[in-house]
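One chain, chain A, links the two complexes that follow: it is found with chain B in the first and with chain C in the second.
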Partner chain A sequence: MTAGVGVWLGLGLVLLTGLCQGNSVERKIYIPLNSTAPCVRLLNATHQIGCQSSRNGDTGVIHLVEKEDDLTWVLETGPTPPYVVLLEGSLFNKAILQKLKDSSRVSGIAVSYTKPPPAEGFSLDVKCPSDGFGLYTSERGSQYAHCNGTVWNPLGTGFSYEDFSFPIFLLQSENETEVIKQCYRDHNIPGNDSKPHYPLCAMQLLSHMHAVTSSATCMRRNSIQMSFSINPEVVCDSLADYNIWSLLKPTNISGTIPPEEQVVMSAVRVDSRSFFWNLAPAAEGTVSALVTQLAAAEALHKVKDTQSLPRNIMFTFFQGEVFDYIGSSRMVYDMQKGRFPVRLNNIHSFVEISQVALRNNSVLWIHSDPLSRANETVNTEVQDMIRILKAASKGANVTVEEVEQSQALPPASFQRFLRAQKIPGVVLTDHKDAYHNKYYNSMYDTAETIKMEYPSGLPQEEALEYVTETAQALSEVATLLAKTLYQLAGGNDTVDIKADPHTVTRMLYGFLVKSNNSWFQSISRPDWKDALENKQPQYYVTASQNGNKRPPTIPTRLLMSVLANITGQVVNFTKEECQNPDKAPDSKKELYDYIWVQGPLTGNTTSREPFCIRSTMHNHFAESPANDLNDWGSTEYSTWTESRWKEIKARIFLIPSQELEIITLLTGLAVLIISFCATYFINAKADILFTSTEDSGSAAY
Partner chain B sequence: MGAAVFFGCTFVAFGPALSLFILTIARDPLRVIILVAGSFFWLVSVLFSSLIWFISVQVSNKNDSNLQYGLLIFGAAISVLLQEAFRYAYYRLLKKAIEGLATISEDGRSPISIQQMAYVSGFAFGIISGVFSVINILADAVGPGIVGVHGDSQYYFLTSAFLTMAIVFLHTFWGIIFFAACEKRKPVYIVGVVLSHLVTSGLTFLNPRYEASLIPIYIITLGMGVWAFIAAGGNHHNIRKCLAWKRQECNQVMVYSALQVPSED
Partner chain C sequence: MNLERVPNEEKLQLCRKYYLGGFALLPFLWLVNVLWFFKEAFFKPTYTEQPQIQSYVKRSAFGLFVWVVILTTWISIYQTNRASWGATGDYLSFTIPLGIP
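On to the complex of A and B.
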């Protein structure tokens, strides 16, 4: 808009505004930052954690902090506070965060994502994850409570669970970070007199949160709004999604299964979190185990005689586990209330897989619970399980070892089951005590940290099929798991069960590198294809705004697509029959779940060949029982809620000096006063000024 | 803090307009009606010119930036011509109105002269075009940012405001000259108005080189102001008379005259 102002400028502006998005003046002033991840506010029974800005966003002069010394400017010497700190990712640590948190001269932090991740490790989660909601509490097994004995996440700083009064954003795009740095270099580096020269480059971070104090408070406010307001403004939502479960033997799940039927449970978690909202790559933390269990499920579904096994096998994928075991506690709760087809008494044994990709010398550690093993029958069965595991590992490229019996269980969904009933079970991990994962629940827990390495320049379609060492190793673990489950279900050890490394590598690629690949496309529901992205999926459980009517989150959709595809069969149903199995003959709706998938591309065209998949996959709404009980002060169940917000955005711009602002105002006032005086003067003498002898017309008055 | 910039720019852009409105127009309902109707005429002219420009953009190659820039200049010129055409149309309407007003008045004379109408209609064009061109800039002046992150001048808001002030004055002067030209049947004056309007519009294409656009535009404004003063029946004798006049006598005269022209430039 060269014609910035002018007589006819309005026409240009109005029409250009219609044609282009956004206001052209705004584009002259602001550079919006689009690839950011904010830190948002979460609440539990007693606390609020996370960050928030003021209502209109917090603005501050940008100061780049590349080394610790740069902080002095921000905290002490800089003449133009408040500052928004542009923090190098490597400096996003406890000491610096604490200093910034304590300073009143900081109005916000923008953290740049650094590659490679800090070698010394990085975890803002607590040292003892999900403490208090697992098995060991002060009342029960107090000698193991609060990670007394084994600290699982020693690198954890706990900042993910602190409350910040200013906004913190992660800059995910290197390009945008460079734009900000350039703006800083152009405007904010002080001259020789060590005074910055206006205009200065500033940043505004907007992430105003509606909820405060605690879940109990915000839920009470919600209910007040719901009962008295025509237009209720909800301030927070409970975190929720779906647990996915699948039975090896198709079973009628319309009611509860008979007490004599026994089920071997295999469990993993599906979610993770990090300091920032909707950012949780969780490669080692979640996906390593998730993929292993999926591969084991596939391997077992390929075995012919599974229908004659004395016990059933149930593959369970828990959601919301990172937020104090939402998924598993809900399943246990529903099992106890008889609202779930399987009851606690039906569970024969329990195998859980947690972080398994970072094994030293291929050692897989067996963790068991010392409290329940004090019971002789349980102890015998656990020993039996360990024996089966060890036997199954023979000949495989995995060594199974048992940790000391006196060591407590690591954080695991199994703990929630043990809380309710003494069930024999084990947790398989790659760590003996402290996590091998240096980036537990952080943004750096990516495919690189579990050493998924592809030859450089490999085309996408080949990378999808390329079997990485990680995939090979995980398929060995999956084989071990499948064999163990098979034998726990009563099968003999002579059957050849083997997990397919190709499936594992394809899953790893889809779950950790790029979900929008040809395989995921072909197994995705047509209405879910938007869930596929050209980047890694994030395993973050967010709030549910529609109660149990909500669609599953993106990672759950991916998981459902994959699980149905690798464990189900293609059936010859039409689209209508598939989506409404009631209409199909012989659909056995109480046994099976049907999904209509878009299928692979046909030939060279862009059309697809959709088909119907029948599987025993089911979902189970995973919301904390605290919501069901309406007890948001609960110490038994997860009480995490997520605050609502109106808008989250970040932008950079220049701010004027105070002098310029004052000068502008004074100029305006001067013009106003002069024009009033002049108009008054001229108006008063108008008849003299404009009475002309030659022009009688003007004197017509 | 952004409020200082906002109010500063608002006063610069609309301070003179505000004082003129309050002191010379607001007290007379007839003038207010003429003001509103004049603003409407200007808006209609802009609607038509924007339609022409919009259609020409739609039918042309949108990726050719030179062509689009040319079309913008073309659209501006069309807009100027249409505005002057509507000014003429408004003149004809007001001429009719003055006849009607004369018939219904008690003494058989119109309560408002055509010169007063010229001033009010010119002012109406000025104020609405000023509002139209600067209102969204003012909206962004509230802050927190100022223009400049892409390397533009940080005085953007202030220069825009000064430009708007000039536009308000220019339209007022053009209105006076134009109506006077129509009354005296001097088409050369009209050509002068149209040409200076075109030149002013063209000058804004020199933005963001504000010194190259603002200074010539203010020179034109000054010139137009003098011309309008003369067209409205002023001359240097009157000025001298007014300045020489004793204060007490001057202050006695509180009657509205044929015209009031601001001349602080």
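On to the complex of A and C.
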């Protein structure tokens, strides 16, 4: 009986397809999920982390888990395993993830994004970030190694660095989550007999990763493929982008600068990561410091007498720092090899800004390295820096305090410099010991986390200019930083330096709310305008094809546009001259970098007034030295690589019971066999069946 | 080629060629030889060249058996241990499967 219905249904479907044409059968069966973020596989010298689906994707019956008790159905009682768990974001925690990971009845997880973020905090990063690649290791400063003494990210569960054998996707759109929930409610909730009735709503998650085991393995396979295969299939790429750096005093960078020239370095990191691919809003983790340093750079470039300062100031923005210090380790490596204009001996002192937006009572903490301070000269200079910082904070709305001298440095790019040389330096943060950031390296580290609040209903253009409290507070920190750097460079303390809260608020808006705003549009290169989006930028460093110097990533482009604009001058060059400074008279190419930008809209029209900006901004390719040394088993340098994949997708559809599937298959086979037999017999008896009467034969042909 | 229509001397020549050709590391020639001449060697009424054809077929079969044993052993060792051999395993492989060790 069922078989008969099946046949008729099938026939009906075929007819329907004929009527509708095209591939509408697929559209009738599947609902694709378009706004998802997958968890992908990354590899280092020894491990693989992230998620992997089977080659054709993993399918399972959807089960909604809204509270912990719902897990029992998935893990024990449910009669139709495997399941794809639709997990509420608030339940995406250590205990539940561990249970799901250990179960063989789970074929995938789809996590919904919760709003507001979990109040108790959420961080899937490790408790001791970048352990082993910083300054403190078992051989050097072992009393501080492995965060012995201070655990920086106590909320961290470490799941970002674990390997999952099933796919995990984040559902970013509430609408899509609702569609899935509706499908679940309509089909999967058990009836009165506590058994679900077919058809059931199922989800398929596809994220098949090509690389496996470790970076050493995948890099070896890359090179074998490149040298032997006719159709090479690269399996992984190294993580790389560009460090951006800029000097306050224009300096010839065609060679290395003279040894007697001294440079004060100011540094921040530009990147972040989270459990999911290309999802790293990093408001407190990265952008708070980034914006502070940019504002300080702007303030210092406005000061008139900077050209006569005895020392230069270098603003540095490191990429890939979250992956065991890719950017800073490469810069130190190049400095040691003499491939970078500045050498380690030129560095007078080092100031790094880490997370600074969540200060308690406006207190900014000064961290320094106890190991290098054991050296008397370094200690004196560090004390001098602390004195300058404290003096600079007088009259400002910031209090600076020093942590105990016995406390180790928090994870910072500065650690990579200290590994190479004892340089006096400090790291400024909003936390004394553990991070104030409850969402370190997670998808919830957004503008709301650092309390960027706008009056409701504010139009976009006004929001861009609206000075939030956060912007005001960060501009105070920027002022402090600018004054400190100025004095470290040998300037006196009487000069009035002040960071502009308006620039800070515009930068925060562009970097955290919406990069496609009028200011960013006007300072963006015409060919980079696609980088501007109507949402917040993501700060994941992304993979670069090995050896290929591709264009900078989106956050780096935004950073370059802003930095050039706030520290450079408009010059009267034509487009041609700006893009090829060799052709322009007096371009001083070895001192300056030129970019041609779109410019603001003119009047009410859609045309723009482009112009040329000259700045001392330069870029530096940030790829781990492990690639240069071809040592992917390195314990000295970052070895992170990202696997390649063919396709990543998620979709939902209804699945019939297994009996129905078998019946359908058997019916199909039966029809096939019957038609074979029929054809055979008809063919064999053709002379009897088709006896042509004389006249019909002539009529037919 | 239909063996029925070939004179016996030519059959012997052919069988001999296949047998010798197999020594050029071509076990498939031996396989073909065995399959093709099996009937000729053992089921046909006796003729002058038959004992020689029989010996070639037997030797080809033996060579084929040795090859099968060697290949089976190697392939099973390779397939079960490739992943654990690491770099060596990769260098021995012509195609490397994606996404598994």
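Things worth noting here:
Note that the second predicted complex is superposed on the first by the 644 of 701 C-alpha atoms of A that agree within 3 Å, B and C clash if a C-alpha of one lies under 4 Å from a C-alpha of the other, contacts with A are read in each partner's own complex, and residues count from 1 in each chain.
FYI, a contact is a pair of C-beta atoms (placed from the backbone, for glycine too) under 8 Å apart; a residue touches a chain by one contact, two chains touch by 3 or more.
Model, not experiment: these values are computed from the prediction.
In the superposed pair of complexes, A:D687 makes contact with chain B only, with no contact to chain C.
More residues of chain A lie in touch with B than with the remaining chain of the pair chain B and chain C.
Touch criterion met: A:R221 reaches chain C, while chain B stays clear of it. In the overlay built on the shared chain, the residue A:V235 is in contact with chain C alone; chain B does not reach it.
By the touch criterion stated above, A:M209 is placed in contact with chain C alone, chain B being left untouched. Residue contacts after overlaying the shared chain place A:A119 against neither chain B nor chain C. Once the two complexes are laid over each other on the shared chain, residue contacts for A:Q52 go to chain C alone; chain B is not touched. By the document's definition of touching, of the two partners only chain B reaches A:E661; chain C does not. By the touch criterion stated above, A:T679 is placed in contact with chain B alone, chain C being left untouched. The part of chain B that touches chain A in the complex is made up of residues 1-2, 4-5, 7-12, 15-16, 18-20, 22-24, 46, 49-50, 53-54, 57, 69, 72, 75-76, 79-80, 83, 109, 113-115, 129, 132-134, 136-137, 139-140, 143-150, 152, 154, 156-161, 163-165, 167, 170-171, 183, 197, 200-201, 204-205, 207-208, 229, 232-235, 238-239, 241-242, 245, 250-251, 253-264. Residue ranges of chain A in contact with chain C, taken from their complex: 52, 55, 208-213, 217, 220-221, 224-225, 228-229, 233, 235. Within the complex formed with chain A, the residues of chain C that make contact are 86-87, 90-91, 93-96, 98-101.
Those residues of chain A that touch chain B in the complex are listed here as 2-15, 19, 23, 25-26, 28-31, 59, 183, 199, 201-202, 204, 651-656, 658, 660-669, 671-672, 674-676, 678-680, 682-692, 695, 697-701.
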